[in-house]
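Here it is, the structure, as structure tokens.
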Amino acid sequence: MSEILYAQLIAVGAGALLLTSVLMVWRHSVLASIRLLATQGVALAFLVAVMGIHEAEAELLAVSILVLALKGVALPWVLARNSATIGSTGDSSRLNPTAALMSVVLLTTLAYVVSWPLVGTATDPAEHAVPIGIAMVLIGFLLLVTRRRARSQLIGFLLLDNGIAAVAFLISGGVSVLLELGVSLDLLVVVVILHVFTGRMRSKFGQTDVDQLRELHD
Amino acid sequence: MTAVTAGLAAQLVLALLSSVLTFSVPARARSRVSGISCALISTAGAATGALALAGGRGSLTIPLALPVDPLTLSPDRLGGLFMLVASAVGILVSVYGISYAHGPSASRTSWAALAFFLVGMQLVPAAADAMSFLLMWEVMALASTALLLADHAHGRQVSSATVWYSAMSQLSFLLLLGGFTVLSAAAESTSFSAMRAVSSQSPTASIVFVILILGFGSKAGLVPLHVWLPRAHPEAPSHISAAMSAAMVKMGVYGALLVCIRLLPDGPAWWGVLLLILGGISAMYGILQAAVASDVKKLLAYSTTENVGLIFLGLGASMLLRSYDATAAADVAIIAALFLVVSHAAFKAPLFLGAGSILHATGERNLDRLGGLGRRMPWTGAAFGIASLGAAALPITSGFVAEWMLLQGLIHGARVDGELVSLPVSIAMPLAVAVIALTAGLALLTFVKAYGIAFLARPRSPAAASAHEVPALMRIAPLIGAVAILALGLLPGPVAVALASAIGPEAVMNVRTIGLAGVGLPSIGALLDPVGLLIAAALVAIPVLTIIVVTSKRHPQRVAKLVWGGGGERNNPRMQYTATSYAEPLLRVFDDVLQPSRDVQVTHVDESRYLVQRIKVEQRVSDRVETGLYRPVLSFADRIGVLARRLQNGSIHRYLGYSFAALLVVLVAVSL
Amino acid sequence: MNWSALIIAVIQVVFFVLLAPLLIGVMRQVRAKLEGRVGAGIWQPWRDLRKLLVKDPVRAEDSSWLQRAAPVTLLVSSLLLCVLFPLVGAMTVTLIPGDLFVVVSVLLIGVVALALVGLDSGTAFGGMGSSRHMMVAALVEPTLLLAVYALSIPTNSSTLAIIVETRLETPAVILSPVSMLAMVALIIAIMAETGRLPVDNPSTHLEVTMLHEAMLLESSGRDLAWLELGSSLKLAALLGLVANLLVPWGIATTSSALAVIIGLVAIAVKVLLLGGLLAAGEVFLAKVRLFRVPELVAGSFALSFLAVTASYLIA
Amino acid sequence: MSVKRLAGLIRRTGQIAEPSPPAPELFEGAAVLGGSAHVRYIDAGGGNDCGSEIAAAFGPVYDVERYGGHLAASPRHADVLLVTGAVTQNLAEPLRRTVEATSTPRFVIAVGDSAINGGVFAQGYGVAGAVSDFVTVDLEVPGSPPEPAEIVAALRRMTGR
């Protein structure tokens, strides 16, 4: 495919990633965040596929399918199913939403600043999108720090992982299938465990507001 | 002996003359005589400034007995510009003062002080060496302090304001003294021309820059050195606050420009960033405080902080861009900053004078107790309204042109012919644009509030209801200012060119007059022709107006007794929104920034605590910088003072003991 | 002086004066249909305007000349928008190009005029509406300016006509993530600026929930007509701008009669379509609390800011 | 809100307004309104029965809006004043003020017997009289309370549609 088209597609994918991350901070309802997470997974898979086609690497295409299956379908599905059973609704953030959005702006700017030395001189459009991956990592951390409910913290965690994956793909032009497979499976396990855990928390304490979990029980 | 020299001399002579006159003429003629003579001082200043701006040269040298270079006054184009601005304001203030000054503010001292204040202010930008600069600066500072102190009889606010003001202005003086000392030590001369030899990249330069910017910043009212503004401006007599806010504050700006483009040009990039940050913070903080203020003069004072912030933002942006060789945009930005200076002088003078007229007519400064003045004081209302439009930066006023140029400079700054300039620029410019935009939006709200609450709707207090239009001179002065605002806004082209010439010949390349008198920025391909805009508006307005004329013949307007209040009898003016309630949503939105202190007291009926008898809500917005930064320092200083007092308890023996100890110390020192 | 641009500007003004009430009519009709009502027909706003012009306006003793002047000001500012925007044709009148910042400030003139009407009425509700209206306007301005800034970067010019033309020539720009972010932000800002849901409910009768309407409570007769027409013109013009930024095709770039006719048809279709979509969307929206509005605006601000920085740093 | 769900909703709701009967003849003088009557509803006293009928008239079933009727938020915007109920002592003056506040040409419609002649409330201790005792009434809608259809008919005589 032509370089211009390639750059365009990369930009679209990256833009989608950024947009979904911002919206995750913007929206409060957990279900909306999960939908966004799915969209993000699809966008990530799309990004990988574009790179694969551009570099004509079958492996990358395989990875993209894997990403689609895991980040785009499996993880959100698990989350959504669990949320549906609990009928979870909105989540109150520690930060007031306006401040959170402003800090998203600052974090993204920061991402650009720190990644400037890396990509400032790069020619490959993929590497120009690296800052967005870093921004996703930072935003993921922000969600982890500020959200109250364990589940939406989990979403933050997944966003963070998406960010790491995005950076990995964009810089190295793709990690090996095996590695990606391993990481994703670990992730799946983590998510499942955390779900069981939150389920227990709910059944034990009636809610999963992490703020309430101060003293240890035996 | 050139015309400029003559003008400089004339100002000094007139100042002495006017103070003599003030002390000689009888009390009833005093205001008229002194006012006119002050106006003459400023007229001379205006003429001189205009000549200097046009490129006229000339210097006045006053030899000193001291072993230093003689005092030299020799304004360049930039100095001429600021002299012109200060003098123009001075004329308005003097004319206004003739009718306005009364009681203490019409005393001999006050009028003499005004004369010296004006001349000092007008000659600061004329100074060609550090000595004369500092001398004129101090004359300005002391005279203004005296003026501020004029009605100290009226309670503690005045005296406390004076204390704050004199403390801050002396602090700034000391900083300037220090800065200029270091610089002249490096240059081995006190003359500005020699100081240019000092390299801007040297560490000394950076130290000097920071010290001087702090010094000038405190006079200009930059956050966090602005604390004197919201105290001094409301308490000073209104024409004095007009002079302070519209002219004196600009001297701080002039100082900053002197340092940044004359003494230490082409400094490192972080200077620009520093100014950018200072300016941005001042602009936002100032306008936020102004938006929630309900004392009209306090509101205007904070809006001064905002405008100075914008000016420094423009200056900083221009320095940053220049250090990355985006010269075209840099020039546009700094011309915009100068335009802001002129425009702010043009609209802030009438605003403060208008506030003075309101005070004179109603005795009220609190917007919450005003209203309906538009019909009672039409002339003042018109002037204040136009000035408010200028302050809100709406077309076709000067404020709009200034902000337009600034924004154009910023958005074209990050790229020079398609190439990205640098990372800091490409992050700083969007932030700057965002800051300016938010500031402009809030300024809009602030001045809609100021004008709408004070002049529209129905009077909220008997004082406002019984208001009357002020004497002729007090109507004329603000109106002249209003006309100036519109003139600057409609014919910005020539003005911009003149301002560019004050910066330097290469800046003139980047701005030209378009159309009738529109301003064009050829280097970044943007143009603005307010006259054209006005004509277009007139053209589209014609059909509408014709329809109105036609229909209003057949369907005349009917005047109803009451505003629609649900048909009830109780429909009194207290039901209207006040300034406080107008800003309340904003206060809530920016709760975290402003942190207002709310206090709600509910008194229940004795019989049952379920029935409420009275609810008292009190809400106060205090200046967080003051409470957070200055209070601790001051209390610390107090504690030191208490300790120091222990040293002196008046006992002879202790003093003898001190001197004995001193003697011993000296002996030991000598013996070593 | 390029006369063709001037003529097109005149055409735009006349056409949009005709179109704006129709747009409101269509939007109300769509809403009515979705609510299962019959609806008053798309010409109803025209009937309302006509009627208001033949009524005798009433003003209270305490109100001032602004009660009459401000509505005209609002209308004139909206008409100026129609002159400055590239709606039918993407040419610029030589001395008054549709410069972004000029356009925004012309918009704000209308905003201020409306706010002053609200204050001048001297009622509790007028002041309330005016205060809320100004707060929203103040908070929206950064988004507005940054969004248009982001759009101006690819063309390196702040003239709307040039921006639209560039998008017409290189459609790739439209799909670039930068422009998508900017458009989303811009649309949110415009919704807030024109007092549509979820910021304000244009069809409310509860004074306490009003922003825009509360300021008009005192106006009557032709004053009210100007205010209504001015507001609808503003909405139409802004929708037209958004439409031309999203799908610039059809806009006249030459001043041939055919091109102009195509331009007229295209813009009419675009605006009415966009309006219909907007109305359909509004059926499913509830007005957010006034103090949730800053949140919405902050979100759009974040998007527009990211659009600007991204446009510098990605591409 | 997905498009599918939207379409489903539209299909399920459909049009619930009743078919419109033939238009009554135009009220003399109401031609000036030209098919647009903005209505301000004034409850001058009495029970809330007429009020609820008026509410029904503006609901989706009777749907006055299709004939150009529209509830206004302020008498300044109104052309037609719907007055219900026997005017009580306390509301006589507000009634006058409201009519005064309405921009001319304006039309007053008294809705319900109690508004026309006091109805069952006539001679009540708190009742000051019928609407026509205080303001000039142009049109009367008898009935206690009148059916929404009759109110709609009255308004259609104003809009002429």
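Couple of notes before you dig in:
In order of appearance the chains are A, B, C and D, and numbering begins at 1 in each one.
Keep in mind that, in the parts below, contacts are C-beta pairs under 8 Å (C-beta built on N, C-alpha and C of every residue); 3 or more make two chains touch, one makes a residue touch a chain.
Since the model is a prediction, treat every value here as computed from it, not as a measurement.
The pair with more inter-chain C-beta contacts, choosing from B-D and A-B, is B-D. One simple way to say how far apart two chains are is to compare their mean CA positions; for chain A and chain D this gives 57 Å. Separation between the centroids of chain A and chain B, computed from CA atoms only, is 49 Å. Computed centre separation for the pair chain C/chain D is 33 angstrom, with centres defined by C-alpha atoms. Chain contacts: chain B has residues 423, 427, 558, 560-562, 564 touching two or more partner chains. For chain A, the set of residues that touch two or more other chains comprises 109, 112, 116. Within chain D, the positions touching two or more other chains are listed as 74, 76, 101, 103-104. Pairs of chains that satisfy the touch definition comprise A-B, A-C, B-C, B-D, C-D. For chain D in complex with chain C, the touching residues are 1, 6, 9-10, 13-17, 20, 32-36, 38, 60, 63, 65-68, 70-74, 76-77, 79, 101-105. Across the interface of their complex, chain C is touched by residues 4, 7-8, 11-12, 14-16, 18-19, 22, 26, 97-98, 101-102, 104-105, 108-109, 112, 116, 128-129, 131-132 of chain A. Across the complex, chain C is touched by residues 371-372, 374-375, 392-395, 400, 403-404, 407-408, 411-412, 414-415, 418, 420, 423, 426-427, 430, 433-434, 436-438, 440-442, 444-445, 448-449, 451-453, 456-458, 514-515, 518, 525-529, 532-533, 536-537, 540-541, 544-545, 547-548, 551-552, 554-565, 573, 575-577, 581-586, 588-589 of chain B. For chain B in complex with chain D, the residues that touch the partner chain are 558, 560-562, 564, 566-569.
By the touch criterion stated above, chain C contacts chain A in their complex at residues 172, 175-178, 180-181, 184, 294-295, 298-299, 301-303, 305-306, 309-310, 313-315.
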